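Chains here go by letter, A, B, C, D and E, matching the order in which they are written, and residues are numbered from 1 within each.
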Amino acid sequence: MTVIDNAIYVDGVRTADPMSLEQTYETLTERGGMAWIGLYRPTAEEMASVGAEFNLHELAIEDAITAHQRPKIERYDHSLFTVLLPARYLDKEEEVEFGELHVFTGKNFVITIRHAETPVVAKVRHRMEHSPELLALGPEAVLYAILDQVVDDYSPVVAGLENDIDEIEDQLFSGNPRVSERIYKLSREVIQFQRALQPLLGITALLHGGFQKFGVDIELQRSLRDVEDHVALLTGRADSFRALLQNALTVDGTLTTNRQNEASAAQNEEIKKISSWAAILFAPSFVAGIYGMNFEIMPELKWAFGYPYALVLMAIVAAVMYVIFKKKKWL
Amino acid sequence: MTVIDNAIYVDGVRTADPMSLEQTYETLTERGGMAWIGLYRPTAEEMASVGAEFNLHELAIEDAITAHQRPKIERYDHSLFTVLLPARYLDKEEEVEFGELHVFTGKNFVITIRHAETPVVAKVRHRMEHSPELLALGPEAVLYAILDQVVDDYSPVVAGLENDIDEIEDQLFSGNPRVSERIYKLSREVIQFQRALQPLLGITALLHGGFQKFGVDIELQRSLRDVEDHVALLTGRADSFRALLQNALTVDGTLTTNRQNEASAAQNEEIKKISSWAAILFAPSFVAGIYGMNFEIMPELKWAFGYPYALVLMAIVAAVMYVIFKKKKWL
Amino acid sequence: MTVIDNAIYVDGVRTADPMSLEQTYETLTERGGMAWIGLYRPTAEEMASVGAEFNLHELAIEDAITAHQRPKIERYDHSLFTVLLPARYLDKEEEVEFGELHVFTGKNFVITIRHAETPVVAKVRHRMEHSPELLALGPEAVLYAILDQVVDDYSPVVAGLENDIDEIEDQLFSGNPRVSERIYKLSREVIQFQRALQPLLGITALLHGGFQKFGVDIELQRSLRDVEDHVALLTGRADSFRALLQNALTVDGTLTTNRQNEASAAQNEEIKKISSWAAILFAPSFVAGIYGMNFEIMPELKWAFGYPYALVLMAIVAAVMYVIFKKKKWL
Amino acid sequence: MTVIDNAIYVDGVRTADPMSLEQTYETLTERGGMAWIGLYRPTAEEMASVGAEFNLHELAIEDAITAHQRPKIERYDHSLFTVLLPARYLDKEEEVEFGELHVFTGKNFVITIRHAETPVVAKVRHRMEHSPELLALGPEAVLYAILDQVVDDYSPVVAGLENDIDEIEDQLFSGNPRVSERIYKLSREVIQFQRALQPLLGITALLHGGFQKFGVDIELQRSLRDVEDHVALLTGRADSFRALLQNALTVDGTLTTNRQNEASAAQNEEIKKISSWAAILFAPSFVAGIYGMNFEIMPELKWAFGYPYALVLMAIVAAVMYVIFKKKKWL
Amino acid sequence: MTVIDNAIYVDGVRTADPMSLEQTYETLTERGGMAWIGLYRPTAEEMASVGAEFNLHELAIEDAITAHQRPKIERYDHSLFTVLLPARYLDKEEEVEFGELHVFTGKNFVITIRHAETPVVAKVRHRMEHSPELLALGPEAVLYAILDQVVDDYSPVVAGLENDIDEIEDQLFSGNPRVSERIYKLSREVIQFQRALQPLLGITALLHGGFQKFGVDIELQRSLRDVEDHVALLTGRADSFRALLQNALTVDGTLTTNRQNEASAAQNEEIKKISSWAAILFAPSFVAGIYGMNFEIMPELKWAFGYPYALVLMAIVAAVMYVIFKKKKWL
């Protein structure tokens, strides 16, 4: 069953819970008021049924079945069709997970269609059932409330992204070489999020126009401006994330080369050290080579203390070289 | 023969299949209705013939012969001239292959001209011949249907590009050094695809204006908006591909330097190892040098176990050095 | 207590210092004039109180309690709601520290709300209490004066940023490897500052419209243009900072590689030097090896001065090699 | 002589070839029709003469003498002044060579002034003298024809640039280190070409306005749109060249680092090889060192086959080491 | 003295040279005509004096005292206030040096205020005093002439920048490692210059509007368009400088890595050479080691020519190794 929740509201109060779509249509005709039907991935048949009952436009029905739409709003003769992408931030995976929510609104009905799990609709229905005066304003009020909820739910996404960017900055300057991948992947999420945000101002602009034209409650118009203000704030932050991550990518490249320089300098120091020790070891060996020569007349060879003298000579030669290298800072 | 398909439709039904262009003109005059002539790389003579019959504008005829046009739409006195670039994705070569399709529409005719193989026209003709009510709306409906098909066919292109970008990301972070070329070349394809997409909103805007001015069926107007919506979705995704590939290029540069750092560190380890072994080998050799000296008084030389003692000494010296280097993590 | 300063002004002169908000409302009703209430992080109750008294809009009240708003201006039925972000530059930390200042203005009141420490309101109140003719112009004059002060206070921020960019340039070209982090972090501050600046022209534009519509004093209108001019100047400089720091990041990358080249060249020189000395040391050792051979007939071994001859030979061989390497510039 | 060609056309037919400017003015007054004077780097005197005769504006005359103008169009009381930059591609030098062409058009005259060699004017005059019906449309038709020719001549420039970009891509991925310079220099040419293209749409827009206002032949208006279409196509391609070359610069940097990695890996292999051979050579030398010791009791020294045994031992030690290094893939 | 030049012009002719500002005001009232007062860093008192006399606006006076303004134009009730930044190119330092010039124009006065040395005002006054017919057009003509002069003086700046970019390109491709700093610093100058240019079109647009509204001489309007044209040309070139220097920075990075590759390859060659010579030296030494062994039975030791044989053997071994390394291209 793809009908999640289905109710008739009269003057903002829930007055009926029809068992089927057909029953909904009947009850609505009898009692008047507003129907709010909540669907989850409806079949083509279900969409055909509500479409026929409420005069929904064929192209909008096609979109509602197909899904994978971008955020948009479209005005048809008897209904308004709105697509929103609610989002939440999966902090562990560092991913922005998008839902997809379609809303049809007309004179006396709201149809909400989810194409992915999202708590937005349930939250809004719950909130509005506790504010009958708001719900009594009709379908426009519901549409506004959903839009407001979706945009409010973007705040934790932005906060999560900002938090990860802070972490990235720490990693970046502590020289973590795995940060490149993290920056790249978070950039990708920010780009997707920007694509979800960008059409929203167009949507609120069209709604504004409609609200003014059809004399919708002035307070609802002001609330819409509050949403626009929120969207502008989020857009500004998302844009700055993009710029920051771009800079982070550039800095990451430079810091990587910097680490290379440091490693190279350290390596150089070690080569000097190794060479110094090679020389220190080699020098006594050269002394041994000299006294290994077979000349008949080599006075030292006859000395009583020739052997200890040679050993001491070796030690002195090595010590002198050690001091020289120490002074040249090679050791 | 460059005439691919050639038919007369009355009230949306195919009523004649003329054998030549001349026969088409006659039949159209006799029976009324709409002619739909499908050409493939027509000669200047053929274009002159249809041009004269249907009052096509000389400049549009020139374009239709020359080809290599960008997507555009132009309104002349008796006809509308539209250029579209259908595309398909060659997944193996990772290339977007573009066709080129010119469409003349007038009061009672559609002329479709292909400059490269594309199944778009055949698909649309087939679909419309099965929807006489749509075909009965006349040339505007055909033009809309072609535009819709071209744009629908862009979806698999975008999907193919997205898929390859996913593969590229995997290659990128698994350190494949050949990924630079792949990123660059895919960027080039995305740029070309963006150039094909970019003029489409101008085309639909002009069509919209015309549809409103000439009172074209309201449903056709809405369908056009559906196409616009689709184009906006595709444009957004193509733009994000461009940004992703740009970032991938930057990250690729950094990761390449990172690999350099790792290789350099590994190399450094090996130099230490080699130096250690050199020292370990050299030390016993120094012992041998000492006992190769020719001093007359060297007590060890007279010892009964002098020789084994020297060998053991060599082993000890080597072992001590081995332990030292092991402790310093050079080995 | 979150009420910081609270006064009634009649004809630009401070005439009452009410002890509580309630007293303010009463005095204002009695004497007329303008109330100016200064709050610091007000509670929901306090905001409800002033909101009820002065007919403030619920959404603006919500914003004033929540804080974390971007700079903006919103016109409601009985009040204007303005958000500004005063800033100061922490030179040691190289950070732009933002305050947050909300201003409600109406027919006969100004409410200033601070969400972070900022001296702006106190400075403006002090300045205006010394210019009764300006204060007598009413709430619009106060709003203008606050805006002017906020923008004037941005000047030292820009000066501080510019000064640090100059320092960065010096560090950059003197090869300081820590400059990357500094460039990145200063870029982040500049980006934040740009976000604070960017909405200001929209705010002054809306104020301009209102000033014209409601016939506000022409001199106030001109002063507003002076603020706009100042904002334009600051925006231009901030934009150029962004561009400069971007270039600095790129140059930093190149200079880092350059240092690598220089280090690598120096390392190469040292390897040559080490190799040269190894050869110079080895050569005499080879002479010793020759005269250590045990051939029966080796005339030199019998020479009276064979040993000194060998030592001299060693010295000559070493000297010749030294000269050769010196000539080849390896030493 | 800077007068290149000078003729009077009546009804599109060349009817006089005046010998001097003065004669041109007279003939034009006598016979009516249109004068077309072609100049090459005219002197201030010549410009003063034509300026006085045809009421050319002083500022335009100044420009025509000074040269070094960007493409533009300016409307004065009695004339229209147009500057165009014809171009050709020098394939060998990979440079876009720009001419500079000024055109004055008025009620009954066209003055074409070249500041660098360009075949455009001669081509257009030749073409129009063979289309009297077009030439009969007067100065506007000539101006259109020149604009069309200049834009048509940009096609081979774009083709040449595209061809060199293809070559650059091949060089890039075959690792040619000289490609950086080529990319940079070609970018510079593309930037210059973009600067020449960019003002053209402004020029055609102004011409369009004038053509409509002054009721110029409708076909000339359509031809102008054809030129605009051509300019849009060229602009799109030039823009994509810029993007491609930018990417090529980035990829070039990465591939250069990649080559560094490969070179470094190869170098590492060689250091291992050298070290292995050093060890293989050193080991037998150590055996020799042992049997060079002077212990009185070293049994091997007395063996009949001690010497061959030592040589065999050396060979074995070397072979064992060779096998070890071979197994460790150091050799 | 901050009054540099001070004169009264009647019908474009200099008719009085007042000794003080007060005298200027009197003479102007007596004789009519136009006053042109040239000031250099005026004090607040002097500005107050001219401000009171000519009804200058307080905010403009504040700007004129404070200086450090961006280029702008502001219209007040009785005067127009214009700020311009004349520039000259210091070729040696490769810096664009900016002056700052404020101009007040009203019905019958021009006040020019310099905040840095610039020859612009003197040049314009000299030129205009020789063109009384132009000067007779009044303050607007003077303002135009100053603007024209400032813009004309930008030409040598652009030429100087272009020249240095050419030099930079040569340095870049000849591998000069100091070019990074030069590119960066020249970019900074170009950015500053762009900031000076960018407001100019807004200034001329406002002047244009005023000239049309107040029926200023049509020729002056056209001259203004000539200035706009000049500004557009300069802007286009400055923009391309920015793009070129950006590319130069990128290429510089790549070429730097390229040099690294070449240095690394050269270093590798030297390591091979050194290793080869080490092996060549070591081989004879090994021969000496063998004949230094103390085996009782070593036939060669008894040979009459054993010693020379050993020396020849050493030479042969070394020569064979030399040939091997030569063949392997290590030497």
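Assume a residue touches a chain if its C-beta (ideal position, glycine included) is under 8 Å from a C-beta of that chain, and two chains touch if they have at least 3 such contacts.
For reference, the UniProt names are A, B, C, D, E = Magnesium transport protein CorA.
On a predicted model such as this, the values are computed, not experimentally measured, just so you know.
Novice: With one step meaning two chains touch, work out the least steps from subunit C to subunit D.
Specialist: 2
Novice: Which chains are in contact with both subunit A and subunit E?
Specialist: Under the touch definition, subunit A and subunit E have C as mutual neighbours.
Novice: Suppose a student superposes the Cα atoms of subunit C on subunit E; what rotation angle should they report, nearest 5 degrees?
Specialist: Subunit C sits rotated relative to subunit E by 70 degrees.
Novice: Between subunit B and subunit D, what is the separation of their C-alpha centroids in Å?
Specialist: 26
Novice: Measure off the straight-line distance from the CA centroid of subunit A to the CA centroid of subunit D, and report it in whole Å.
Specialist: Averaging C-alpha atoms per chain gives centres 41 Å apart.
Novice: Which positions in subunit A are in touch with at least two other chains?
Specialist: In subunit A, the residues touching two or more other chains are 250, 253, 257, 260, 264, 271, 278, 285, 289, 292-294, 298.
Novice: Based on the touch definition given at the start, go ahead and assign the chain network to line, ring, star, complete or other.
Specialist: ring
Novice: Taking the contact definition as given, in what order do you meet the chains if you travel the ring from subunit A through subunit C?
Specialist: Order round the ring from subunit A, first step to subunit C: A, C, E, D, B.
Novice: Enumerate the contact residues on subunit B facing subunit A in the complex.
Specialist: Contact set of subunit B toward subunit A: 169, 172-173, 222-223, 225-226, 229, 232-233, 236, 240, 243-244, 247-248, 250-251, 253-255, 257-258, 260-262, 264-265, 268, 271-272, 275, 278-279, 282-283, 285-286, 289-290, 292-299.
Novice: With touch defined as at the start, can you tell me which subunit A residues reach subunit B in the complex?
Specialist: Listed in rising order, the residues of subunit A that touch subunit B are 57, 59, 62-63, 69-70, 72, 74, 76, 177, 180-181, 183-184, 187-188, 191-192, 195, 198, 246, 249-250, 252-253, 256-257, 259-260, 263-264, 266-267, 270-271, 274, 277-278, 281, 284-285, 288-289, 291-294, 298, 300-307, 310-311.
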